[in-house]
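Below are two complexes that have chain A in common, paired first with chain B and then with chain C.
Showing the complex of A and B:
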């Protein structure tokens, strides 16, 4: 399987400020690759370097085997990009903007624009300036996909989309992926990446901490667990192997857990439970935990 | 072609605004001459009472305002400032508008070379500057004809038009270069405006000196002196210098833009 995106020791400094340091990425053809990290970690810097918007300080960046700085034009012919924040020419109607976008690819995208707009319930006759953030994002999705690119780069794509539209969006991306399109999906929301990606790279403070398969990630993922028991029950002695940071408050217990979910449920099931909540911890918490354990990536996987 | 068309469309409203300003400046100015002539006012006698620095400031240092051509020279001075300022704004917009409006991620992730995108934007701006300068030539001729002046000023109008065109193109390319060099979009506009103010002040200084010599090089607004233009001469050496600086500055700007990090303003 050939690499569609490949970076080696890719480094970018903005003057003296850190952008990314020694980023090694390899995204294979046909996969949905998650790129996850907190805000300011270097996700957008990496993406902008790949797109030729900014220039690397050192290292290598290649897309479709081509150099990102010398062959940007050729690369961009087959790349669809959706930025985290979408800004378009306000006075343009959505359809005019999309036709303008299509004019750069030298192919008829009319049918595709109609299909995508219908799927996303986008009003093409509306002016961009009159649109909500969510609708502008929809315009962004259509303009990123209208030329049927071989690589889609999504930088925090779901912000501004309501849950139903997020579902439609993920279905669209999966459909694109099924026809062989490679997807680089950047996000700071772990569950989003887990939902759609095959592999994931974790970036923090400009450096890649780890790259692993989503299945491995889920095996090792910490969950935030809390449950409440009926009044009169004593939960002070609650413990479960794989759990940590137990906090008991009245009839409620909260803790983090990594391990077999069945063991967790049977441990909780010994109590007269009123309510259980199991969720992904925020990314920052995962990273914090990662460093607290102090073992580094290989010893104690963060997620 | 699509970029040029879009740029022209976007800049249509400001163009109309600047055109209206130029029209008012020219027609009101020319009408004023009609009024002054009818009332028998000797503007030279009035202007002689002012210090030369004030006259230089308002473009009357070398103009004999008793004649239509001399009076027109004062209007042409303000028109030259007008076209230069318009050119500065076009230069800044061509380079920095997308960054300031944060639309650069849309345009510069399209399969076009950066050089081609910027060249298209500059091309559209040059079209507008050329049109604006043509109007700067047409308006005074139309005003002179409409107001029924007997003195033929077509030669002066053409010479002042050519001078203003050359100078405005130079200011345009300076603005483009400064915008490319600036880290933030607004910074480029500020610097370009400062350069213009400096050139203007140096122009006033040149006009107050008997022999400004090399100082004239620092003020494109005085590359083509009013007295020379009124005597029917457009300095070929300064015309060549203008063209050379415009081309060199523009080419350098495009080259530097190819390696510029594109980020939001």
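Showing the complex of A and C:
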């Protein structure tokens, strides 16, 4: 599988301020790749470097095998970008803006504009400046997808969209992915990433901490366990190697556990169990774990 | 090419207003004010005759020029230049700061077109609009000139001086648009540039006897009166104008193509 996005030791400083440091990223063709980190971690800086909007300090950044600074024009022919905040020209109707955007790609995007607008329930005749934040975002989505790009870069794309529209948006992205489109999805809303991404890179203070499959992240993490025993049983002394944060409430025990599931089940099996619940922790908790390690971060991700 | 079409369309209204205003100003000056001014010619001539001989000779020569059609046209042109400078700077600031003002730099810079081409097409759009506007201005000037039954080959060049002057202020406008962190008001920025140039011209007139050169007053580089009096604008001023245009555009181009795009 070839890498659509590849960065090696990509570094960007804004004067003396840190942007990103030694970022190594590899996004494979056809995958939905999550890029998570709190505000100011360096997600947008990485994306803006890939798009040629800003110039790297050192390192290497390639998209479709082409250099992001020397071959920006060629790269952008096949990239759709949705920024976190959408701003467009004043006094333009959505349809005029979208037609202007389409004119750069040298192909007829009329049908696609209509399809996307219909899916997002977007009024094309309205002036963009008169639209709500959510509708402006919809214009941004259509503008990013109208030329059927091979790579879609989404920088915190769902802000301003209501839950129903978020669902439609994710369906759109999944449909694009099904036809082979690669997606780089940057977000600090971790449940979003968990929802659609195959792999994820966690960035903190400008450095990539880890790149893993979502399932791997969850496998290696603590499980949340709770069980309830029959009345009259005493569970106050319950303990299991690998467990922690035990909380007993009446006939119920809850704790976190990492280790062999068989050992866990045999420890629980010693009690007259009424109900057991073992669940993966949400990505938020896994993510916080990365931030708490190494002295902890000043900012925690929004959830 | 879509950028060219988009930018020209965005400028049409402002350009049409400016074109009509410039044609109107020069028409009022030459068809309305000049005939009245000409009627007082003998009275002013008598006053000058009362001045000391050396003074009267120099002043008389300038007065003769001022009372001529060409001279009065040059006099009136200065005021058109001031407004023309503001119009050219305004168009340039409007075009080059459009994305900065609308906070949509990301939109244009993530399209498959190089920044070099964006810059070139934007510049071409302003030059094209100004050129079209000046074709009207030159045509109106030549029409007025032909009504007076005069024929001086230099008049066409004199009528073109507005365009040359505007090119300098266009470049200054581009420079301001590209280097200013925020462009709150297009007209305010353009007016500041033109007013600054007007003050420098006024200063050069005050200091004319002490410092005859006026390199610091670009509104006077292409003075039609100098053209009619000396047969040329003066090579040094033409070179100076070219240097201003080239340096402003080069500095702007470098910044536009090589600097980080600020996010919204």
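Points worth noting:
To be clear about the criterion, the second predicted complex is superposed on the first by the 219 of 303 C-alpha atoms of A that agree within 3 Å, B and C clash if a C-alpha of one lies under 4 Å from a C-alpha of the other, contacts with A are read in each partner's own complex, and residues count from 1 in each chain.
The definition used in the following text is that contacts are C-beta pairs under 8 Å (C-beta built on N, C-alpha and C of every residue); 3 or more make two chains touch, one makes a residue touch a chain.
If you're wondering where the values come from, they're calculated on a predicted model, not measured in any experiment.
When both complexes are superposed on chain A, chain B and chain C clash. Of the two partner chains, both chain B and chain C are touched by A:55. In the superposition on chain A, the residues of chain A touched by chain B in one structure and by chain C in the other are 14, 48, 51-55, 72-74, 76-77, 79, 81, 83, 85, 87-89, 100-101, 103-105, 143. By the touch criterion stated above, chain A contacts chain C in their complex at residues 14, 44, 48, 51-55, 72-74, 76-77, 79, 81, 83, 85, 87-90, 100-101, 103-105, 143.
Put simply, chain A touches chain B in their complex at residues 14, 48, 51-55, 72-74, 76-77, 79, 81, 83, 85, 87-89, 100-101, 103-105, 143. Across the interface of their complex, chain A is touched by residues 2, 6, 98, 102-107, 109-114, 258, 260-261, 263-264 of chain C. Those residues of chain B that touch chain A in the complex are listed here as 2, 6, 10, 101-106, 108-114, 259, 261-263.
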